[in-house]
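What follows is a set of structures for review.
The following pair of complexes shares a single chain, chain A, combined with chain B in the former and chain C in the latter.
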Partner chain A sequence: MKLAVVIALLANATLAEARLHQDGYDTPTETHVELVVGLWHDDKLTPDHGWNHYTFVAPTSGYVAVQMRAPRDHATLWSYLRVIDGDHNWAAVANRVTNLSEVVVAVERGHHYDIIATSQRNATLEPGERQITDGPYTIGVVPIALP
Partner chain B sequence: MIRIVVGFALLVAATGASAADTIDQPSVGRALRGSAHVSGKLTRERGFVSHRYRAVTDGFVKITLATGAKRPYLRVLTVPSTTRRGEGWSTNEPSLVVRVARGSELELVATLAVNITKGTAVGEATYELATVEMTP
Partner chain C sequence: MMTMMTRAHVTFVVLAACASPAAHDDAPAPPRLVAIEPDDVAILYPPSGASIAVDELVPHAIYVRAFGAEGSLQLGGTPAPPRLDELVLVAIRIDPEREQLRLVFQPRTDRDDAVHAFFTLEHGGARELAEQIAALRGGVTLGPLAPHPLLVQPTGAFSTALATLVRRYANPAKLSRVTVITSSGLGTAWNFFGVDVGADGAATPVAIPTLPTAVHLEAFFAGFVDGELTGEPAFTPESTTLDPRDDLRLLANHDRLARATAADRKRAAAAAARIEDPAVHTSDTIDCASCHVAHLVQAHGPTNVHMFGYDHGRPSIQPRTIREVDASVLALNTR
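After this line comes the complex of A and B, so read on.
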C-alpha cells in the first residue's frame, strides 16, 4: 500500500513536471558538453532547464575539484553541484558568500563521470512546483595535487 | 538511488541538542580537532550523530565514515563564519574531501543510507568517523 502511494506520488510529480515543461532531478537537460580539466564553461539555468547535465572523462587518476560559480547574491541561483559515478553520489551547495560550490573527488583515468549543475532552490522544490531559477554560471574541473 | 539534498534550512539545526534525532536535528557527538577519529553506534534512537570538526591546518580534510555492514551517509555543513556561510556536502560514499582553512569548523553528520531513504532512523550499526588533514 505504502509503495503504491509512493509510486503514485512519483507519477504525479513526473506528470506535473511534464505539464510545466521543465526538467528535474531525474530528468536533467543533456548539454552534450564534456568538461575538460582546466577549461571553464559558461552556461545558464532557466525555469525550463534548471538541471544541466555534463560528462567528464578523467585524463589521469587523482583528485579533481568540480566547481560551479554563479553571481554573488543572485536572487534565485544558489549553486548546487552533483557528481555521479554509477550509484555513488557527491553533492555540494555553495558558500553563500561566494556562490561557489565545489565537489572534490578522487577520479580514475579513463573513467566516465556525470556532473549536474542546478540551484539549491531547484533541489528543494515540492513535487509539481515550478522552477524559478534563472541566471548564468560557470562550471569547470580543476586538478588538485593531494597525497 | 538516494536523493542527495543539502539545504540551507538544515544548517541552523545541526548544532543544537534536540529530542528529535533526524538528519536535520542530529544528536550531538564528540568534537574532532585536526586529524582525529571517533567511533560510536548508530541506533534507532540515535541514528543521526553530529560531530563538530575544527581544522588545524590550511588545505583539505578527508572525512571518512565507516559503518559496520551498512552503507553510510555523510553530511557536512560549514559552521557559519565571515568567509563561509551556507556550504554543505553530502554523499552516500564512505569519504568526502572538503577544502578547509585553519580554525574553520564543520559539522559532520554520520548516519546510514537506509535512514535517509526511510526518513527516520531504522538501521543499527557501529561507525567510525575519521578526519585526515591533507596539504597540497
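After this line comes the complex of A and C, so read on.
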C-alpha cells in the first residue's frame, strides 16, 4: 500500500497534558471505543466534537501502524493522529491527496495506548479561532512486520 | 455490476410430489405436479423488497439479545448491525439439504450491510415450500436467476401468496441463526458475524470455521486504493486452521500477488475455485470472508460481498450461489 505518510513528531506530553493544551480548542470526546488490530472504526468530527479519543491494548509485542483516513480532498478534514504512551506521544498528519495519516509504533503486549483523532485544522487553530471541521473518517490499527 | 453466470440447466425435469394440504384458510391452494426451477428455491425481490415488516420474522427481542441495544458498536468499534426497521426482505433461499429457509435482508439506506435469518424447517418442509412456490407460478417458466419477474409488481397475486408462505414458514420460533455483514473503513472493509439462536431464544456467537475459537467476528479489508485490492492484512483475524489448499488470501492483495511465484498464484486460484464449489465447502468448513470474496478476488472488479441480494442497488448473484441453487433444484427434482 502506498501511504502518503506524513510527518512523525515526537513530543513530551501525557494525555492529560494534551487535553490541557488542547482545551483552548476542544476537549477530546471519549468514544469508549477500544480499537482492535485489523478492524476499522468509522467516526466523524464536527465543530462541537473536533477531537476523538480511543484506546488500544496491544495483543502482542511488535509494530503496529495506527491509521486514520478521511475522504480525499475533504474541505475541512485533514487527518491528524496522535498516539500517546505515558510520557511519549507521536503525531502524524496526512498529505492532502490521500488524506491517510499513519503513526508506526513499537508496542508491548498488554500495554495501553491512547489515540486521538482530529483534523490538522483543529490542531493548528489560533487562539479564539473556531473549529469548522465537519466530516467522516475511519481509524484502525494495522499490524506490520518490520525487518 | 450484475454478476450473472451461465448456470447449468437441469434438463431432466421430473415430477415433484404433491405438497401436504395447506394448513391455513388464507394459504394458497395445494400445488399441482410441477418441476422445481431455480427461481422456486432462490427468489430475489426487486430492490424495494417484500411488503413484510421484518420484525414479524425476526423478533426484536432476539435481535437485541444477539447484538445489543440499537446502535451498539461491535468488536473494535465496528458498526452496529442495521436496525430491523430499516431492513427490507430482498431474497429467499430454500436449502433442502439442510431443511432450511434463509431470508436475506438489506437496509433501505445506502449502508452496504446485510442480515441473514435462518429458519429450521420440518422434515420435508423445504420440498413442501419449494413446491408451493412453484405452483404459484402457474406453469410459467422463468429465465435465469434474476429479480423474480412475478414480483416486479409487488401487489400482484404471486407477491401476496408468497408473503403468506414466508410468514408461515419463517416461524420466529424456528429461527436458528442470524448473521450480519456490516461495512466500515469508509466503505473499504466488511465485517462478518452472527449468532446461533437456541430454542429458548438465547443467542450464542457463531463459531467461524478456521478462526481462533475465541474470535467471533471476521473482517475483510479491500484497501484504500479504488478498484484495487491492497488491504493489509486483508483478512482479520488470521486463520489458524486453514488448509493451505483453501488459502486464497494471496489473491486479496494485488501487491503481494504481483510478487508471488507462479506456483503460489496457481495454488491461491485453486483455493478460490474450491471455496466457490458447494460440493467442497459449506459455511461449516470455510470462514465467512473467504467465501464472500472468492469471486471478487478472481474477478478484479469493484468489491461486492453479496452472494444473493443487491450491491448498491444492483442485483448481485454470485457463481457459488448459482451452483448451490442448481444443486438444490437437482436434489428436489430427483429425490
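Here is the rule we use: the second predicted complex is superposed on the first by the 121 of 147 C-alpha atoms of A that agree within 3 Å, B and C clash if a C-alpha of one lies under 4 Å from a C-alpha of the other, contacts with A are read in each partner's own complex, and residues count from 1 in each chain.
By definition in this document, a residue touches a chain if its C-beta (ideal position, glycine included) is under 8 Å from a C-beta of that chain, and two chains touch if they have at least 3 such contacts.
None of the values given here were measured: they were computed from a predicted structure.
Superposition of the two structures on chain A leaves chain B and chain C fitting side by side, clash-free. Using the contact criterion defined above for the overlaid structures, shared-chain residue A:A145 touches chain B, although it does not reach chain C. Shared-chain residue A:W40: touches chain C; no touch with chain B. Contacts of A:V97 after superposition on the shared chain: chain B is touched, whereas chain C is not. With both structures placed on the common chain, the touch criterion links A:H88 to chain B but leaves chain C unconnected. Once you line the two complexes up on chain A, you'll see the smallest CA to CA distance from chain B to chain C is 12 Å. Touching of chain A by both chain B and chain C, each in its own complex, is seen for no residue at all.
Residue ranges of chain B in contact with chain A, taken from their complex: 1-9, 60, 78, 82-93, 96-99, 134, 136.
Chain A makes touch with chain B in their complex at residues 25, 63, 65, 78, 80, 82, 87-97, 101-106, 120, 123-124, 144-147. Put simply, chain A touches chain C in their complex at residues 1-2, 31, 33-43, 54, 69-71, 98, 100, 136-138, 140, 142-143. On the side of chain C, the complex with chain A involves touching residues 73, 75-79, 184-186, 188-189, 191, 217, 219, 221, 223-225, 230-233, 236-237, 255.
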